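Structure record follows, encoded as structure tokens.
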């Protein structure tokens, strides 16, 4: 493990940690534009975070330590996830900690923590949000795993770094199976990050919200952490998608110039992905909760089709 | 065929005839008479066999059987019938002709079973085996169709007659010790039955067997 | 001599107790005579162990590896039953269910019954065997109707008629066998089993085939083989419990012993597997019918008697299969069934006595008030159902082993029979032993140690078979299998 | 590696079994001294520790065997402690250690008679389990196996005054007995194949013999049925959710933690050890059966409202996953893919060990809750984290472990299992290649559902507000119980964080069952992570994950303290402005399960009681029933009843009829006579 790799790892951590709100802001801004609104600008999340930071920390009487530790654990889990995905180069010293499957596991861990925290106060909304969140979780996870299986089968490894190295270092090769995987992945991403059509990130209306209900009792710096964790999660999912389906342009060796190029390319890809996400959200309408299984079931089927295509057409 | 063999065969035929008659008889007193008659025929046939084969022990056996089956048991049964007040009771037998027909079929069946065995037999009056088997089956049939305890017992006793008939006429008699044992068992059995009848009547007011089939699962 | 002394003890007992059986000391005397018989059999056993099998009384009596252990078993179970009967009948006479005369009758007939069974086992003469079996029927008829209730009279009547007819058929079979041997041996010896055994290959197959049909059906009635088993549940349920115990534990064994003796002869003569197939068919049918009947029983002793039918069926099946292991297993099965079933009748009898009812649905929660009774009954049930480490498991294990080798077609039937029997019997047992306590406190002391003693023996047999016993079984298996 | 062993591990294990028997007997003698009786459990715990230690020693020593002068004339008791048995011995010893300690504390307030009864039966059960693992011939095995069944039955109906307990016990024992009959037949066929007479019952002889495939398949099917009855996979699972709730909690823990695993042990013994050449379709059958069972268990556990029922369905789920793992192992083994077979076997064993530890933890925890509140119904619990901080904290670990999320132990086995699914792509049959990886999706779905269930279990029991006033008086677990829970939670953490070390425990077993080379090379690793070299390459480092989690959260806490030192203020919950003074505003257990019932409605047999609109005290209740109960168990019962009715028709209440039977039989016999 070289010092360059270490530097790269730190850079990546910082990038994910600090850049995630920007991405979230950009998506919001695009949605505003698509909705014919001005929008508050891509930097708005930072302002919100700063405001929450300063606010008094208000906690319900009934809250136990589960409630209070959850925000920290969530952010930590998301940062771990974000630092494992190859962002700029397929050189990730932390990669042995978790492969793609473990990454799904880390997200599941975070989901459980947030659901338990939401149930801690004992309010109706909290437990409702928790059960809906868990519902989406167990529906989305099989689909996500099937998505990840396609590249894993191609590269004979579930390690993201290995997959990306395989995809970037061989000459440009179009895998038809990956097209299926990519579309399934987008659907999973929408569900997992509480986006339309599964959830509406803008509303705290009880009938529609899923994710928002989990945050309902949080205030002050806790809420800030929760929001930040959400932003990192979105960024990480985007990063995974980019690493798997658009890995070109990453620096294979991790040289300074390569990294610079890769960073630039990453910014472009992220911007494009954010715009696309906003476009999808604007074009679609929110589904009823019990339509979500159908939606995710479709995602699962598409991912399975991807695997079958892989077997049929080979590599 | 020597004379004694002809006599034995004749007695065997009579024996079977009595068995048929018992199957069809309705009145208890007549049944007992028939039983005594059967016992007599049995004793006579034992004498005939004993004479024909020069076995003195068979005379003893004949005496034993005659005493028991012509005198002792019928006497006991008469006494029982009188004390139980059953003397002129008659039983409702369903369809006597059918019964006799079934008996006939049984007869044919028994002869059919006995035929190959009889061929092997070294004894002279080998054909009586079929008759013994037939009378055993007829007695069984009689037990099945009878509905009172006493008549059932008569069927049982007649069954036992058939057995002894088989033992003596076909095989020229069992060893004495065994015969004595069998006789002892029969007499004890009849005594026990006698005791029984009183208890049964005490408890059920009747010797009709239908009455006491209600304690079943 | 020794055989005479074995037979003398119960005979003397029958006489003495017939005169004084109602006295307070009669209970102990009953034990005393049984103990004396047991001692005499022990002496005989020692002699057999030392010098091997022997004939006695002008060849009319004999002891070989097959009957020696059954004689021991009979003497032993008679003794423990006498011990049990002391406590049990004491309570019965206290409760006024028995008059002095009946007590005399009971004690006398108990000894007489023991005598007939010993005679049946020890005699070499198949005619005497028949006489003894008939004697056993007669002596127990009186015992079954001891209470003179309508139900018991009915049961005794059924017992008498059905077994009487059965045994009459057996006599017919015996006569035919005698007939077929007469030409070969001639004279008195044609009834001696040892002589018949010598010429068995030369006996005429046609006659022996028919004779065996009669004998199997006849003695099978006393074994309790389906479809001629119908006397058995009634006789067991209505008589006094000690009699149920010896009926199930001993009489059925003795009857099966007789069947097997004849099977050996028939095997030798027929040389096809007809006798074997017949016994297997009867055995399997008994297992199945008994198992399915168990599910509908409401009376505790009736329940146990159906289980007896099942187990005798199993043993018959095993004898039918033949071969050293199967016969070994069948002998073991007879032993452990006898011990376990009498143990169950001991505890079941006390249960019925304490609760004042034999109806299963009125008994509940034995474990709460009378733990010893509850445990004895529960462990006994487990044992009889073939649960390891009790000995019944061992024999069933061996029977299944042989069945897999020789008669795989029978396996589904056996499995269904064993399974259904387990579910039915265990379910009934559980309802009685567990649950809210409804049982009143014991009115008088009980005598459960015979029950536990039997269970301990069965447990020992399940874990290890003593070499001496195993040698006997093996020798008997060789004797029967040739 | 332990090189020099003072005593033969087999001797130690045997001595421990004997000691348990002595303890069982001692409970009879001490039946009036509660303190001494409870001390027996501590003795039992010491024995369990020794047993586990013997297992550990046996892992790294060649298999030892011995015979005892008991048993049948030609078949003495054969005993042996090999690597496979050693793995299960460790599992059993460790779990039993915790459960024994727990029980010693748990029984504090019980009646003496009950303690005595439990002490006797419990130690008998331990001895029987130990003997099952040591058995090396079918006779000992069956003796121990059935003794285990009925002694555990007695424990299940410890509360025999409850009708439900009796029903459950009966169902359990009948199922077990049917299984035992099947096993007896299976062993019999195996023995018949050896042509060695009774001596063929020794496993040693069976190992040397190969049966023809048709017979082997019969043995396999019988074995699967027999062991399945114990392990509880579909459709033999029905006893599980009935028996666990009514049994005393330590017994539930032992049932779920150890007894079910012995079914797994048996299947491994049969498929990979005694029948050496598995056929591919066995694997597929077990795989499908396992996945169906797992899904069934997961879905049903989400719909339960009783703590222990929920956990027992979750046990069914885990058993399903384990069976799927065995199925994969057998499938790989049938095609001689040693590396993948090893991987799948390790996943199986890992899952087995994990489940033993975390499910015992959860059951013991529910025992403490039950003790403290007298309540098993989730709908009447809540907020116990404040009253029972120890139990709550330790059970949180257990819940995470059961949910299968990193860095806890449940995830490791799931990861290994998924990796082996991923490897299932180079079979000679293309349809297997396409179909088997889809199984992974089922596994993940099950894991997701497990997380759902655990959130429900933990959240409703420990979090939120108490749903009943009486809960305010709940007390935390006592000392003995706490030690046991700590031990098991520690086990969860150890297994979760040190997969490389744990896998080392399984290597000897994999070498024994599959291939020594593959066992050595398939998985490697050190303290930080474990690395896979099968068809796929991957790493997993739970310690890094945990370290990073701890590091980042600690850093965040520190930084935020410095940067945003706003004070903390306690207020009433906001709840979107709605009233929160009553605990009834919270989700009920039924409410929490509603999405599952909605999504999986076709799988359930449901009865829902909806309140009328005008009702003043509205009650909503739902009852979920097992369709298999109606599709399988009741029809069987009915057909047995019908059969016995037919048989009862033979009883005709007339002597004449009985005579007729004899007569007809005689005629038939005479006709048939040769």
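Each chain carries a letter (A, B, C and D) given by its place in the written order, and its residues are counted from 1.
Note that a residue touches a chain if its C-beta (ideal position, glycine included) is under 8 Å from a C-beta of that chain, and two chains touch if they have at least 3 such contacts.
Treat the numbers as computed from the prediction; the structure is a model and nothing was measured.
**Student:** Spelling it out: a chain qualifies if it touches subunit B and also touches subunit C; which chains qualify?
**Tutor:** Both subunit B and subunit C are touched by D, going by the contact rule given at the top.
**Student:** Can you name the chain whose C-alpha mean lies closest to the mean of all the C-alpha atoms?
**Tutor:** Looking at where each chain's C-alpha mean falls, the closest to the middle is D.
**Student:** Can you check how far apart subunit C and subunit D are, centre to centre, with Cα atoms defining each centre and the answer in Å?
**Tutor:** It comes to 44 Å between the two C-alpha centres.
**Student:** I'd like to verify one number: the distance from the centre of subunit A to the centre of subunit D, where each centre is the average of its C-alpha atoms, in whole angstrom.
**Tutor:** 36
**Student:** Calculate how many whole Å lie between the centre of subunit A and the centre of subunit B, each centre taken as the average of the chain's C-alpha atoms.
**Tutor:** Averaging C-alpha atoms per chain gives centres 101 Å apart.
**Student:** If you average the CA atoms of subunit B and of subunit D, how many Å lie between those two points?
**Tutor:** That gives a centre separation of 70 Å.
**Student:** Subunit C: which residues touch two or more other chains?
**Tutor:** Residue numbers touching two or more other chains: 157, 161, 165, 169, 206, 210, 296.
**Student:** So which bits of subunit B are touching at least two other chains?
**Tutor:** 113, 140, 143, 152, 213, 216-217
**Student:** If a residue has to touch 2 or more other chains to count, which residues of subunit D qualify?
**Tutor:** 648, 651, 655, 659, 662, 666, 670, 673
**Student:** Which of the chains are touching one another, listed as pairs?
**Tutor:** A-D, B-C, B-D, C-D
**Student:** Help me check something: in the complex, which residues belonging to subunit D touch subunit A?
**Tutor:** Residue positions touching the partner: 382-383, 385-386, 396, 400, 403-407, 411, 414-415, 418-419, 422, 425, 430, 433-434, 437-438, 440-442, 444-445, 447-449, 451-452, 454-456, 458-460, 463-465, 528-529, 531, 535-541, 544-545, 548-553, 556-557, 560, 563-564, 566-576, 578, 580, 583, 585-587, 591-592, 594-596, 598-599.
**Student:** Once bound in the complex, which stretches of subunit A touch subunit D?
**Tutor:** Per the touch definition, subunit A meets subunit D at residues 53-62, 64, 66, 69, 72-73, 75-77, 79-80, 83, 94-99, 101-102, 104-106, 108-109, 111-112, 115-116, 119-128, 130-132, 134-135, 137-143, 145-146, 149, 152-153, 156-159, 162, 204, 206, 216-217, 220-221, 225, 289-290, 293, 300, 304, 307-308, 311.
**Student:** Any idea which subunit C residues touch subunit D in the complex?
**Tutor:** So the residues of subunit C in touch with subunit D come to 157-158, 161-162, 165-166, 169, 205-206, 209-210, 212-214, 216-217, 221, 227-228, 230-231, 270, 272, 274, 278, 289, 292-296, 325, 365, 367, 382, 385, 387-389, 393-394, 397-398, 400-401, 403-405, 411, 415, 418-420, 422-424, 426-427, 430-431, 434-436, 462-465, 467, 470, 474.
**Student:** So in the complex, which bits of subunit B are touching subunit D?
**Tutor:** Residue list for subunit B touching subunit D: 109, 113, 137, 140-141, 143-147, 152, 209-210, 213-214, 216-217.
**Student:** In the complex of these two chains, what residues of subunit D are touching subunit B?
**Tutor:** Contact set of subunit D toward subunit B: 648, 651, 653-656, 659-660, 662-663, 666-667, 670, 673.
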